[in-house]
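Common to both upcoming complexes is chain A, partnered first by chain B, then by chain C.
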Partner chain A sequence: MDALAPATTIDHGPSLRQRLAANGFDAVTLLVVPAAILSLLLFIYPFAFGFVLSFEPKAGGDWLANYRRFFSDAFLYETIAKTLWLAVPVTLLNLLLAVPVAFRVRLMRRQRLLTTILVLPITLGTVLVAEGLLNYLGPQGWFNRTLMTFGLISQPLKLVHNYWGVFASLLITGFPFTFLLTLSYVTGIDPALEQAAATLGANAWQRFRHVYLPLLMPGFAITFCLSFVQAFSVFPSAVLLGEPAGLTRVISIAAAQAAFEEYDYSMGSAIAMIMGFVQLGIVVAVLASRGLFYRGPASGAKG
Partner chain B sequence: MIRDTTLGSKLWAAAVWVLVGFFILNLLAMIATVVTSSFATRWLGTWLPVGFTTRWYTSAWSEFQLWDVLIVTFQVVGAVVLISGALGVTAAYALARRDFPGKKLLVLLFLLPLLIPPITFGIPLATVLYQTGLAGTFWGVVAANLVPTVPFVILVMIPFIEQIDPKIEAAARVFGANTFKLFVHVLLPLLLPGILAALLLVLVRTIAMFELTFLVAGPTSQTLVVSLYYAVFAAGVRSVQSIDAMAVIYMVTTLVWLIIALRFVNPTQIVTRAKQQPAH
Partner chain C sequence: MTIALSQFDEVRLDRVSRDFGALNALRDISLTIRRREFIALLGPSGCGKSTTLNCIAGLLPVTGGAIWLDKSRVDTLRPEERGFGMVFQNYALFPHLNVRQNIGFGLKMRGTPKAEMDRKVNEALALVRLQGQENKLPGQLSGGQQQRVAIARAIVIEPPLVLMDEPLSNLDAKLRLEMRAEIRRIHNELGATTIYVTHDQDEALSLADRIVVLRDGVVRQVGTPKELYEAPAHLDVADFMGFRNKLKGKVVAVENGRAVLDVEGARISGVARERLSPGSSAYAAIRPDDLEVGEAGPNAIAVTVDTIEYRGREFVGTAHSAGGFDFVFRSHQAVEPGSTVYLRADDGRVLVFAEPTQGRN
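== the complex of A and B ==
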């Protein structure tokens, strides 16, 4: 790469510019500066600002007052449990469903149609999915109507404005996300490894259990983390499809309410920080357990 | 390819396909419900509405001031696409071509906004924007949307740039091209497919980006998805069909761009940028 650096004549020994270029700093490197400044200004600075602000309570009191209020008010601290109670089951279910489907789809020649259909809910976004599910899962919607026609239920199931409405919306937007991530990990593994196992007489379950699973475990851990973080930050569907004052009062609702309805930016930032730390905690725990699994090349090496 | 012919594996395969079919059926039925409802005259307690009409579209158009909302949406999206393209591609070039101390830290800085959900960093970001007076304005919405899109462009573009042989650039340098000329005459034409793909994905993502826009938008800087949220939130004030008509307009706006984008990108790129190996 260094050969590309603008070559200046070496008359007076290496200049500062040349020494910098030798370390990889030259005009080209500077191109990264605008984007870095933008990220620093609009991402790192607000985070730091919010972190500091969360220790300066609006109502006065000492620096921990916001956090003490959060953890002593059941209406606030219960949001963590409520959000986890939504996010963890949904993420596990999504991953559990995505793995067998990804293993089936990897054998398909024409994956594009399927992946295109699955990309739909991600592209349309949670607001539209919430609006659609309000109609579709409602007491007069097609879902309940079909179940009643088949005689599976006699009364329409209550599926919206409660836990299950949010659960369904997280499934519809979360499953494609989890699936496409899983698929990219599954197809990243050299099929020669599986063929070798099959040649040695391993059946499908043994091939999955002893060849794929150890190789895929790190990928699954990352997929779990990304899907979990998405589900944990559920917001529009918890408001529109759930009961935002009751069972699905998730932590993002509490944060948005504190900041933009009570205009207590300090409390809002405190809740956002708590939300970030819970996410970080789960992600770190999952990624730390990744060290327990095999890490190494996932391609069939020659020799 | 390995073919399993036992009964168990056939049943398993069938079960997996039933699962996929069930998911897709529900997804399409959900979308069909919205579309049907938007054309319905009266739809209560029956499989299909009593009659069909298009009047909800005209009423939604005027009730929700969709013309203004659409103009704002495309202005925001256009600004986000142009700025994130300019900043993202140049930064990606530097990251793809140079190794320098602190590069890993910088990559982490660009990865974080993509990994952390918008609502988590959106609240402190909106707080800062409110304090500087930018929130509620057009540029506030653009600034908030740039946070995830610039890193997105960078991460999509890095592999594209790495594919281009540095010798081509070296040749241009030999002939006396400076960095700007190199960009315009050599790199830009070679990178155009990649840039197009990245920017189309940014476009689709920005139209659908709810959280950040919701947190910083004011009454005059709402995009379509935020207006839709407020309409659904205040359901009961307007008729369901009117909201559904707006939802269909939103869907069409998004899907048109998705279809265009899919001509240039693999659908999986919308979620991941992991390279897929060709099946052996």
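== the complex of A and C ==
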């Protein structure tokens, strides 16, 4: 037994620094600190503050009073459905539009130029787009006038200050984002896979259906979530282009009214929390469904 | 055996060209491939061998010429209408489908009935010796296994022509030798017709019935491995066939298919492979195996030894001559680096080529 013992005992193991480094902690890790502090100050603290505040009703009463009020007042709880009724179709339509465009752009040599043009609406900001749409789609706007000149309609279509105005604005401001994400997923797929499918006899639709779609589904799910969250928090266009008292009274309007018109910050916080949980619910449901799809690398060979 | 490849007599490339803008990647490639042949397209990178393969597969449209399968023209068909099986360099296996689904993909696209599909996939699995791996995803397989799946997937659709694009280049040396033999075995068992792209002359020599050497988009030579190995028609083909020592000199005499060169004052005679005229520049090409360390005399040239490596059965040395030609030679005895020795070659083992004209010729 003695013969098997090491001849000299090792006094020092690896130093603390070496051991930390082996676990992924080194000096570079410290660079995370500023970001962590910032997110603590700007996100976690306000969120926690709002969360607590929402359980302290202004009018007194028990801690759930705000939530009870929200879910018993149709004028309030209907905002959830109204917001979803805007955000979900807009996001789906955007995704549906982005896919064919991304597939086309993927093959283009002047990709940068086209991408820049398509992305321009992001830089415009919601308010500018809303102004533009008010002029363009309004009763005296070009769109209606053109249609009337050609005799296609006799009376201007009502396209703004209703559901469709907000819908159009969300579509325009959301598309570039959806498109960019979709493009990055589409170009991430090895083109040899499509070529292989083609030599095996798959036509264009079969190649999309059996090769691209299954590989893209997880990416589409993420794109849907991110685009959806953007659309769900719609505020300026719902006010400017919609009917903020009626059909497009979205949940953020309700929150803003509670906080800044009724000066009931507690109620405002409660609505914001509800908004957050609805978003979270949808996102979690969509991401969970990703488990149904293949989620490995999207190339034909080992990396 | 239920996998029965479609039969035909020949595939004919008739003056096939492919331009990329101003660049002629392929120029007037004409080639006839007979049934059951194993053809290797050999050449350095950028020579157009993969372009040729992609044109045959339909992944690249040709810009001139035509491709015929017997009497039917195929270059106007889309790849999915040609039905050629292709094995890609990176295998291009569908990462979301398991081995069985990958192999069955082509049959599924054709709407093959389930029972027949199962039977054929099983047979393909057996052919490439992958039974028991059916339910794995490509990411769970080793490189060699992925390669086998790629081959099975290409042949299970019973293609008249199997196209392989450098299929062994991603494997390590040992596996490459193993798969090389496998590819030839599968080719023989199926009675397939295969076009195989490679830049490795060993692969081409050992696999192919005929080799097509390409350079700059032009066919340089077509022949059996033996023909190419023993009688390369041009200097660049010789280079590819292992004639690593190339000595430039002036033609002194040409007679009866023999040429004598003046290389740095030494007389080197060899077999003239191209038309030569006295006074013109020419190259003598010699394999390392054919050089021996010896005395001054006919067909010998003085060199200074640079390095000498022990390789078990022999030594491999490098050297340079006074005029700056580099030499690679084999030797049974060690020679001292820095020493001056004479390297000699039999005149029957020296090939003499005309100096290539600048650019394409």
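Just so we're on the same page, the second predicted complex is superposed on the first by the 272 of 303 C-alpha atoms of A that agree within 3 Å, B and C clash if a C-alpha of one lies under 4 Å from a C-alpha of the other, contacts with A are read in each partner's own complex, and residues count from 1 in each chain.
We take it that a contact is a pair of C-beta atoms (placed from the backbone, for glycine too) under 8 Å apart; a residue touches a chain by one contact, two chains touch by 3 or more.
Treat the numbers as computed from the prediction; the structure is a model and nothing was measured.
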Let's test your reading of the overlay: on chain A, do chain B and chain C clash or fit side by side?
fit
Determine, under the contact definition given at the top, whether A:L31 touches first (chain B), second (chain C), both, or neither.
first
Applying the touch criterion given at the start, work out whether A:W142 contacts chain B, chain C, both or neither, answering first, second, both or neither.
first
Would you check which partner chain A:D190 touches, where first means chain B only, second means chain C only, and both and neither mean what they say?
both
Could you tell me if A:E131 is touching chain B, chain C, both of them or neither one (first, second, both, neither)?
first
Quick one: classify A:A198 as touching chain B (first), chain C (second), both or neither.
both
Have a look at where A:H210 lands relative to chain B and chain C in the superposition and call it first, second, both or neither.
second
By residue count, which of the two partners contacts chain A more extensively, chain B or chain C?
B
Quick one: is A:L159 in contact with chain B, with chain C, with both, or with neither? Answer first, second, both or neither.
neither
First (chain B), second (chain C), both or neither: which does A:L86 touch?
neither
Once you lay one complex on the other using chain A, what is the shortest C-alpha distance from chain B to chain C, in Å?
5
Share the list of chain A residues that count as touching for chain B in one structure and for chain C in the other.
190, 192, 195, 198, 203
Could you pull out which chain C residues touch chain A in their complex?
57-59, 78-80, 82-86, 88, 90-96, 105-106, 108-110, 137-139, 143, 146, 153-154, 157, 163, 170
Can you name the residues of chain A that touch chain B in the complex?
1, 3-4, 6, 23-32, 34-36, 38-40, 42-47, 49-51, 53, 97, 100-101, 104, 106-107, 112, 114-136, 140-143, 145, 172, 175-177, 180-181, 183-185, 187-188, 190-192, 194-195, 198, 203-204, 226, 229-230, 232-233, 235-236, 239-240, 252, 255-256, 259-260, 265, 268-269, 271-272, 275-276, 279
Chain B - residues contacting chain A, complex:
1-2, 4, 6, 9, 12-13, 16-17, 19-20, 23-24, 26-31, 33-34, 37, 44-45, 47, 87-88, 90-91, 93-95, 97-101, 103, 106, 109-110, 112-113, 115-121, 123-128, 130-131, 143-144, 146-147, 150-151, 154, 166, 169-170, 173, 179, 204, 208-211, 214-215, 225, 228-229, 232-233, 235, 240, 243-244, 247, 250-251, 254-255, 258, 262, 266-268, 270-272, 274-277, 279-280
State the interface residues of chain A toward chain C in the complex, per the touch definition above.
190, 192-193, 195-203, 206, 210-211, 214-215, 293-294, 296-302
